[in-house]
Amino acid sequence: MMTILTETAAADATSSVLAARKAHNAKLSANADKKRAVWFPIAFLAALLVLPALQFTGNYNYVLHLVLFTACYVTMASGWNILGGFTGYISLGHNVFFAIGGYFAGMIFARYGISTIILAPFAGLLCAFVGYLIGSVTLKTRGPSFIISSLALVMIARILFDHWQFVGGANGVALKSNDLSVEWAKLPYYYAFVILAAFSVWASYKIKHSKLGLGLRAISKDEIKAESAGIDTRTYKVLAFAVSGAFVGMAGAIWGEYLTYIRPNIFLIILVSVNMVLMCILGGKGTIAGPVIGAILIIAFNELFVATLGASELNILATGVLMVVVLLFFPLGIVGTLARHHRLPRILNWD
Amino acid sequence: MEQIVQTLILGIALGGVFALMGSGLSLVFGVMRIVNLAHPSLIIAGAYVTYWGFKLWGIDPLVMLPIAAIILAAIGVILYKLVFEKEAKSAKYSEMTVLLTFATAMIVEGALGGMFTNTQRVTSPDYATDAIFFGNVFIPTGQLYAGLASLVIIGALALFLKHSRFGNAIRATTQNRDAAELLGVNVNFVGIMSFAIGIGLAGAAGSLVSFVFSFFPAKHWEWIAVLMSLVVLGGMGSILGTVLASFMLSIVAAFVGAYFGSTWSSMTFFLALFLILLVRPQGLFGEKPELA
Amino acid sequence: MSQLLEVTSLTAGYDDGPAILDGAHLTIEPGKVHCIIGPNGAGKSTLLKAICGMLKIRQGDVKFKGESLKGLRPDQILRKGICFVPQERALFPKMTVRENLRMGGYSLADKSGLERAIDEIEERFPILRERRDQHAGTMSGGQQQTLAMARTLIIRPEIVMLDEPSLGLAPKIVHEMFGIMKMMASEGITILLVEQNALMGLKNSDWGVVLDLGKTLFEGPAPEVLADPRIQELYLGGKKAA
């Protein structure tokens, strides 16, 4: 991706302009660094890494579950953000990658006993490949058409998985749980998800500031102008689709083993997609910290809701209401709204 | 031969019901440029209204139809005022509204689920399980009545749009919003009213759905892609196109179902939607890509 | 007060964008043809859109018979008797010519005479009778412009604003359009014309207004504007045009 500029650098005039530009960029990023507190996400991650020590003092499995559940969604939302946030293509069908990752790793785990944590990167590669294929077709549409085509994708996937006998059809496949004692059983998944989440946040930062990310953001501003400025928009979009699918797929891979079940109605329910979208929009579409904040808030909100009111129907209702409120009143999300008013605290500026 | 005729009849009967389900969606898109993903969930709301009318007081679903339509139209006005009016002037209007309608669909689903649980229901007037036989070929009376009722309503809608003053204003606003405004049409009011009519049509369709299919709150997800395929194939905003597309796709789906199993008949709609969006996004009858 | 319409230090623009009109003023006298000229982007169309209510007035005022039009919707302004024919002609492409004419009378409170009024229009413009059941979108540019102009007559407006009626038409057809415009004027309708072809516009008008950079630079009787050497040099393509 970074093989630009080598030919053009030959021309003196060009290179001097480029050098000036580089200096300017360096100054900008130095300025940006002043507004940023890099220590915060690192400290936050470190705290999460030592958190399981709580288990020595009692049973905190519920806390660990919440953290790893959130981390799973941070991974997915950050992945979705690459397409939906940076590029501006809203997909409501990203849970298809969740399913593909989950089924791929889950089936190999069921047959050969290879841990899904090891398989996760391969699930990511598979999803990137599938995403590349699907993206080269569906990204020919844009706007509402793209959203609708992404919904159609979920419906098609649901029918296929529901009737694919090799993977157990609608009943799915049960996976065996690990033999660790109760207080340590969650630990492998905990670390896997926390590290995966951290990786996805770091990776989306890297992508945002790469040539690819620049191109994607240009596409989201004005695709036609981006194209006339010489950006290969089709390749960029498809790449974004593939990369974002890969993250969701990796999360799916481990999720199946953690639940000891792979089944269409775990992966291919609309709420999974909605959560990714809602987390990004609530936190701030296209920002790095946005999906993280969104994931934390939505999971907390869900837990609170289910704990106090129980019924999952009301949860759907509440999620819908929350989504309407956010879309109508905070379309830029928390990070976006704060940044617009120059009130974004340094610890939340991860861009 | 008999099987072919039978399949054709079932396809046409189903097409009639789908035509009504899709035409409200098409109307709302045509006038308001709102891709209303909540439409199927509102159809299900209409089905519940009809179901309870029948269950509690024994009112025939076809009698409940206008009641359901009016109740849903009122809900439509409320929804418009609460959710869509503010967005009506934003720049990324159509994309934003897709997400808003999606959230609305969740609200409707959650509310219905909270009130009526997720059990499958079906309204069962006598004719719903009856059939008229011609030799070995039969027409299920439920679907026949539903199809006929649907065509009557769509016919009335077409007459209203073509010949009434307000109908003309709706068509004019669909074709050229600015021009309609310049000629004295209060386009905002036309917008609210067409939204109400569109959602009212969802209520009417719900009454028919209540005895043709079994339904539960979450069922609308299946229908979103089905109805979108009809509306997109018909050319977004063209009601006639939607009706023709309904018959075409339902007949194809009936044959796919008859020869490959019923699972794959719904696949017909999803794949069709996919293909149309990619190959001819303006639909069969649209002149320019409306959804781009 | 002989002014029918008075625009004072008007500021307006699109959405959140910059102000296109920045202190424009204009006075319209009844029964005359007024022509606004000026280069591309001067704010000519913007001025018409602000008067008819399609654009929000940011500052200044538009008064019709002494009454402010500020804050009114286009449909309300139309009912006061101000009709606007935009560049795109504002037709309904998939409605028939007759239906388009009928939409022209949408704002009439009294519908009883509508069909007869349409019949009269069709008599005066035989081409519209000939094409009455044809979709408006399938007609030629000149026919569409004829329809758009004729349609305004149905509500007997006091002011008709025409935004570049000559746009994209052959010279012979343009001549016809100006003929229709003059006929409207002879019936006592006040015309406000925006014309890119300044020479042609001024020759067919009584009053000329030069608009540039969102401001009114100059106004006066059309022959005077035509003869003014500064105007000739800047907006009429040099002295030789005279």
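Labels for the chains are A, B and C, by order of writing; each one numbers its residues from 1.
Please note the rule applied: a contact is a pair of C-beta atoms (placed from the backbone, for glycine too) under 8 Å apart; a residue touches a chain by one contact, two chains touch by 3 or more.
These numbers come from a predicted model, not from an experiment.
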Indicate the lowest number of steps between chain B and chain C, counting one step per move to a touching chain. 1
Most central chain, Cα average position: B
Can you check how far apart chain B and chain C are, centre to centre, with Cα atoms defining each centre and the answer in Å? 42
Distance from chain C to chain A - Cα centre to Cα centre, in angstrom: 54
Between chain A and chain B, what is the gap in Å from one C-alpha centre to the other? 34
Scan chain B for residues touching two or more other chains and write them down. none
Chain B - residues contacting chain C, complex: 91, 165, 168-169, 171-172, 175-176, 178-187
Residues of chain B touching chain A in the complex: 35, 37, 83, 86-87, 94-96, 98-100, 102-114, 117-118, 217, 221-222, 224-225, 228-229, 232, 263-264, 266-267, 270-271, 273-274, 277-278, 281, 291-292
Which residues of chain A touch chain B in their complex? 90, 92, 137-138, 140-145, 147-149, 151-153, 155-156, 159, 162-163, 270, 274, 277, 281, 311-321, 323-324, 327-328, 331
Okay, in this complex, where on chain C does chain B touch? 15, 52, 54, 73-75, 78-79, 83-84, 86, 88, 90-95, 99, 102-104, 106-107, 111, 151
